[in-house]
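Some notes on the structure that comes next.
Letters are used for the chains, namely A, B, C and D, taken in the order the chains are written, and counting of residues starts over at 1 for each.
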């Protein structure tokens, strides 16, 4: 079984209107090469599910691919707010539904366990419960305690980026795992990019770091620097300089057009070349 | 800021934060201040703490404030890898502590990191509630800090409750997740005023009650008798903080504008070399 | 048992079981028959199977029937370690197959491993439902085998429904977990008779319908026309089975009394040496 | 922090009437040295929670320590039925509540997540739902689907056995994990025996095999062969010969008395000596 695909084949497989869960966390291990390809495609009306979103959500909003965002957080961590997310929220350019970190996990887990909901106390006493139209207060069937029923989140597609994978679709994550396993298990089709493809025998040597199981993955794409400009521990750290340029570019229409033509509307090879090539990235970002 | 000679406000705040931590619990390292408080506490005040090097992983290593949330230390140092599920289980089981840095906090200890203005038509869309609803519905101690105690951040009522404080927010939660303490650049505050409202516990050296009240959006409860002065950091506290943060990442949180940008670039350039020098590769890669 | 020369009943049964498996799913190795069926299927009929070496772990290794559920192979061989949570997630997501060996199965495909007689006053307390309720409420294919097709094991109605069959058991389940096939020492049976009752699909070489009906506690549905004969194992099937089970652990399931005890002791004494010889330590210990 | 305890101190800490969750699975990695100490103590009226029980439950029933058993399965796998469990079930010598593998996990997980229940389809259509008085049918608050509400299982104590631990209470599990992590997280107090105590630095080298986190463990006991006669992969396999002797002994009152005096009413050193000492066990059981 060989599940290798090209970036374009992955994008091809995602229809307009699809619900796409994206792994990683803010500026860490986002499947950015796949996200960029989706951002420059003609796909429309995507629903994006993220636990902790960052440049992924922001870029897809910036290029107009998104109708709806389900999120616990969207931001650039130490660098501040996400510009297109902020604009879209403030100008109501898309639909937004605020969840929380655990409830996104619980919603994915509900789909995995084929139950319509998961119960929790989280969001009681907060305004998240007021603005989130999907949650529902419920009474515990035993003691009558008030709980929140978190509905199942059922992504059509999950996009994740891992350190290593084999052609069968097993994936190794060496840094923090974030919610990638939940995304991979919950989605109808999981597409995984990786820094490097290894043989299955080599992959098995990683033991419990093999976190993505092939029974959940539909496609594998080998894309070195595939998480850039987010980091991919322990291979490379976040490219904060690139992200600062991104934030500046997003301040003006003209700046953003220039950013798009240089870093979005180009294939991955050209993207790397526009950073001075892999050697330059190595010197700045390899730890 | 009038402070006694020999220490800076960041050291006062971090030390005050560190002295709140106790017991055998996981402590997450999300911000530089939170990370340094955990580190100092572990070294001086609460040796049983299980300090994480990132928001979700790397248990029982020395956290080092970084621009990218300690991700690389997980792999470069050793440390026990945890999952997001582990983190939320620890929150639900009350084995977790975190210093939350909200955009707004109100007299009840409700906190906001979601938006300024109305959620549906935000004046400023911030980042989203992240995991704060989980913390404020489960932990027996919730810790907040602010570095810009002002009428904009310490308000009568938050624009949006990302986190549940006292008062009506407690309706279904009881004491689970109730606010415990707020440390700001002016003083230390608890939530044991009338009906669980914010009260002054101590003021930092050189700070007057009038000054604090002027910069607070509601009348503060004040203990009878003389208001205690916050215990200043000891020389040992200061030494530990400075040694643990040689790049002064913590200073970034106190800056803004061009000054912050310049500092940021300087840290970013030096960070990579420092990782190499400080933490030789002894993790999974060195096995 | 009258069988064509060149193969034994265990080989007929295991081959029939193997030929049911298909797709990219986890296959658990709980019994020797189940383990060998998975192995044979993987080698000959369903190359995408992800075969486990124990009931819960050791994905993508060659399972070896053992007296202790393959536990040691997890560590002695390599293979991807899974958790119990992974196993149940795979069941709920329908990425899991298992050959269940019930004590009783009835005309509806309800199965019993809990007790003979009334649950509250059992004549014989067996083991308890284990994970069969999960399988029979979630999997799109559920597989059963029996090596002693008799009036005691293939009954009109089970004494206790550990697993949900067709008929009234389906009230809240729909098709999720409905029975698919039963392989016994006499033939292969499906559950597409009237209202989902058991029907004869094929009889093993030399077995007559009368014989089967005599040893079945209810009238079997029979296909119109000539009843097919179970395809016998090919020489290649037989070779693979015998090579994979040199200790003949599978024979134990066909024996009882002193004969079984003697075989058991013999296998147990030889098992340790065989582990050493067959699987040198190349797992985590050899890294 | 040094959590080392003696076997007797662990037993001392468990009051009569306590609810005790036991890790491992049937004849694999049961904390048998701790269980034996409990079995020979004067503790009464224990409630025992097991997912897949074996000699642990059986021994505690055999020595009269148990008032109630919550279980998905109790048996000796390839060796057959559990004799004292069987007798106690058939003669109503204790209370029994039949659950299933996932529902025991879900019940523990409910306690971990501080919710009163978890929803599932498992047990619908089976008689487990009829005889289990703790489960409750419920309607999904969204679509009105019929589900089973599994109540929280809240053990006072968890007993588990692991390969390695440090004195702080972190534990490494190298073979299958079974439900040990869930037991450890859900219990008020978790006591862990281990084959060997390692330094914390050594322990960290096991990465994701460090499955028990010290924030959940209260006591650590170093007991080589502490799982015997069950297996502890990859260190030693199940002692099937011992278990066969156990089964024979349990057939008569006299046999059982003899077994008790030789293997239960003795300390661990004597227990090993009565097997010919560790050298003899090595020769038979080390893989």
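Following the convention adopted for this analysis, a contact is a pair of C-beta atoms (placed from the backbone, for glycine too) under 8 Å apart; a residue touches a chain by one contact, two chains touch by 3 or more.
What you are looking at is a predicted structure, and each value in this text was computed from that prediction instead of being measured.
Chains in contact with subunit B and with subunit D: which ones?
A
C-D versus A-C: which has more C-beta pairs touching?
Pair with more contacting C-beta pairs, A-C versus C-D: C-D.
Using mean C-alpha positions as chain centres, tell me how far subunit A is from subunit D in Å, no decimals.
About 40 Å separates the centre of subunit A from that of subunit D.
Any idea how many Å lie between the Cα centroids of subunit C and subunit D?
27
Could you tell me the distance, in whole angstrom, between the mean C-alpha positions of subunit B and subunit C?
Spacing between the chain centres: roughly 56 Å.
Do you know which subunit D residues sit against two or more other chains?
113-114, 121, 207-209
Specify, in ascending order, the residues of subunit B that touch 2 or more different other chains.
Only 81, 88, 138, 176, 284, 287 qualify.
Kindly provide every pair of chains that touch.
A-B, A-C, A-D, B-D, C-D
Quick check: in the complex, which residue numbers of subunit A touch subunit D?
By the definition above, subunit A touches subunit D via 113-121, 136, 138, 140-143, 145, 147, 149, 151, 207-209.
Please give the residue numbers of subunit D that touch subunit B in the complex, ascending.
The contact residues of subunit D facing subunit B are 1, 112-114, 170, 185, 200-201, 203-205, 207-208, 210, 213-216.
State the interface residues of subunit A toward subunit B in the complex, per the touch definition above.
On the subunit A side, the touching residues are 27-28, 51-52, 71-75, 77-78, 81-82, 85-86, 89-90, 92, 98, 100-103, 105, 121-128, 131, 146, 174-179, 181, 209, 231, 233-234, 237-238, 240-241, 284-285, 287.
Where on subunit B is subunit A touching in the complex?
It comes out as residues 54-57, 67-69, 71-72, 74-76, 81, 83-85, 88, 91, 114-115, 119-134, 136-138, 160-164, 168-173, 176-177, 252, 264, 268, 271-272, 275-276, 283-285.
What does subunit B use to touch subunit D in their complex?
24-26, 47-48, 50, 59-60, 78-82, 86, 88-90, 92-93, 95, 138, 176, 284, 287
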